[in-house]
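Take this structure, written in structure tokens, and hold onto it; I'll ask about it next.
To keep things simple, chains are lettered A, B, C and D as they appear, and every chain counts its residues starting from 1.
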């Protein structure tokens, strides 16, 4: 849902950027329409799906193109964020999800067992390329007398290349998500790696509700949390056998705090509301 | 008018960026509202003039901040464009405009005659700083599991500093333009430096209208244009005494091509239309 | 050893950058020594621990400063690489190392069990800041007539801030490494997570040595490697019971391929050689 | 001479960068030489004109490549500085130098008289491209576990493209300088545009030598300097007829301060020393 909302924001930015860049000009060498009526500009632009720039000189001003390239780089950064997530989830030690790996595919020429997140890594690398193009696009804005031609050589590279790279990583990302292999059991196992520590905040807040100050409660909970972590023992059991904590919470009360369902109890409305907005 | 339109585009971008960034979250450590009702988030955000982020995890996603910093850097690039224009116009050899220089002000500690475009140069330098911050902001988007805290240390510097720097150069630019000293006579003198060459396109098009091909016309005009430039002689006179050109254009016809009014004849409608749109 | 060698390269780069930047000038407003003898420049620079710039105009050329800031950003990128390594090793699911966490320290205000890699994350964030400054420093090189003053406003921020930030993250990194808690047992456990798959290349090469083509061997090994991974079964056992593989390798031969010592057999000379070079 | 010294600095940086990047590795997938003797690596590298990396893992570390790309971007910034100088000198109003313009060349398709500094503008644009690549190269340093493959996709673009672009603008710049047309008379005319104001520091220092404080002298000189500038009258004449100044300097003394030779009197030793160092 985070991805979906973020991509929605990018769509609005991209619409504005495309609107900004969809202009043309036939206003002559200094923008005065000395040798051509504005109607000609209007017609030529219309044929190209462009609006005439409301005012121009020798060129269309480059803040438009810089904004466009920057929005592309920003979309790239989000795709990198998604790819970074997959790369983490695909680590051998985490393994909560994997890029689809077709039969017969080679993961690594030297190591027959490897299944690297190659698409995700490629998306990350190419997102860096887009950020580099964005830097170049910025520097093209402050032209001499608002119209020197120094931007031209750089734009011949960055405009097509940025569009191609973004198009490519969007489609890479699309395929990546479409075919992503997800391992819910492993997600559960990883949650449980913490010996129940993910419920520490529940315990903290319960102790506060029972009258302890936040500081006192924090100290009590942290002590057992660190013990659970360092000795790889069950957090709940440690809490239940701690006399100081037992003075405030019964074993049954403690038991009731370790509840996955409570974590999820307010998630549904988020989804419902966002999907309803469509 | 170019500046005004460009700043108008920035206003639209900035509005979108401010809308994007004006969100808060009190959804807990993983965005599940486990310990707090969404109504609390709603009320707290409202008090701060924010909307609740429609979905969040530990943090508000950083594409929002990156977009904001990038729009600020883009506005900086336009201010740099304006300042670059002033710096060019203030050159000793050009001198079509100057930053206001108050009585008693020192232009240079060593050289009592100097009046440097100090404000414009400062705007240019600080615009570069904004571009640097934008690079940093981009890299803050792809956080681990969409919520590590690595962006925090960088944002403590770039968010306040970028806002302060942009605010400062906007007000610098405002004062710069408000008090700008303009020298129209010198503009005319500089136009005339070219010995009339700025009308070369008029002559070119007239010859084409008389039946010459573009290539033929170009060659004839370029020959006299280069001669005028190299020998610092009057372009019109050279054209009038060129037998090949005289075969197509009478001296009176040539005379009529050198007309400043014709350059400006279609300028008014541009201003009228843009001002009417307000 | 990778870190040590890389830091050694940075030392050489930094020495060159510091040499480049350690110059001064008292050559007058256009570098002609019109009002001051070069001997004065020599003496003043010597007092400041600088050499006189061999040639200058109004300023010392900014390629020197840009190189310095860029070397600092590059060092920052290496510190980020080191911090990224720690962040990975400290993941709950990996846990091969941890930042030192003192008794009484709070890992997270909401979650008493948390021990985040806060120093490493901070290093990563601040390294991004250095890269932003490097972008600004580059743009300060191409000054008008090699001496406008536009760089000055930007350098007042980036030169001190870059030095402070780099100094800070170097000392952060130093403390991080000095007190790093390392878990060798967990390293071994993580290695073994792969069910012996890390020896797949050994098996591949053995089969090739026995006369199979690389393609054939790859297919045989990959088949059992994927089976081992998908079913979480022991790779060695699968290989030993594969009839096609058994045609080339006896169970004892396969057994001998799964040898941690062999992986390390040529490591010592690398260390010895590099340490001897000192 | 500034250019020559600066390019000399770049040569030293480039030598270091090329040394850093001229390494190879055949140390296996984790850098342990498990399946290959170091002697093989030595021989293969030698054939390729490389040294073996003293230590490696799956890859050669990317600080090497980032440093190389950054030095290239820095060289590009100097070429842009040179090109910026030419662009300024070629302005119609300045015209102290021009790019060579061959007979038959077209300066502008629409305007037959135009001779734009096209090569210089192209160098400036492409230098921006190099800075973008440098940003990408930085981000390739902090790879996961010092060896993920995300840099690969980006480097396939930036390494060849950066080398090609730098090679191209070096040769462009070479041709530019080799054939540059210089107008010394126009340089003199531009100097004289200031009505003698460039000697204001001479006058300032003379008055101080006669016993005035710097403040007093500055005020006296600035007053006449501004009058000379605003009324386009001769600075020397104004000084000679100023009674306050005349109390300290005779007309002959003032006359002697306006001496172009004095400006140049200490220039020769700079050239001699630098050329002797070769």
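Everything that follows uses one rule, which is that contacts are C-beta pairs under 8 Å (C-beta built on N, C-alpha and C of every residue); 3 or more make two chains touch, one makes a residue touch a chain.
Just so you know, these numbers come straight off a predicted model, no measurement behind them.
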From chain A, the most remote chain by mean C-alpha position: D
Interface with more contacting C-beta pairs, comparing B-D to A-D: A-D
Centre distance in Å when chain C and chain D are each reduced to the mean of their C-alpha atoms: 31
Approximate Å spacing (C-alpha centroids) for the pair chain B, chain D: 25
CA centroid of chain A to CA centroid of chain D, Å: 39
Interface hub residues of chain C, defined as touching at least two other chains: 29, 110-111, 124, 131, 134-135, 139, 144, 201
Interfacial residue positions of chain A with respect to chain C in the complex: 91-94, 106, 110-115, 135, 139, 190, 193-194, 197-198, 200-201, 203-204, 218, 221-222, 225-226, 228-229, 235
In the complex with chain A, residue positions of chain B that touch it: 1-2, 5-6, 9-10, 12-13, 16, 20, 29-30, 32-35, 37-38, 54-57, 61, 63-64, 66-67, 70, 73-74, 77-78, 80-81, 84-85, 88, 124, 127, 131, 134-135, 138-139, 141-146, 201-202, 205, 262-267, 269-270, 273-274
In the complex, chain C residues that touch chain B: 28-29, 87, 108, 110-111, 116, 118, 121-122, 124-126, 128-129, 131-136, 139-140, 144, 148-155, 157-158, 161
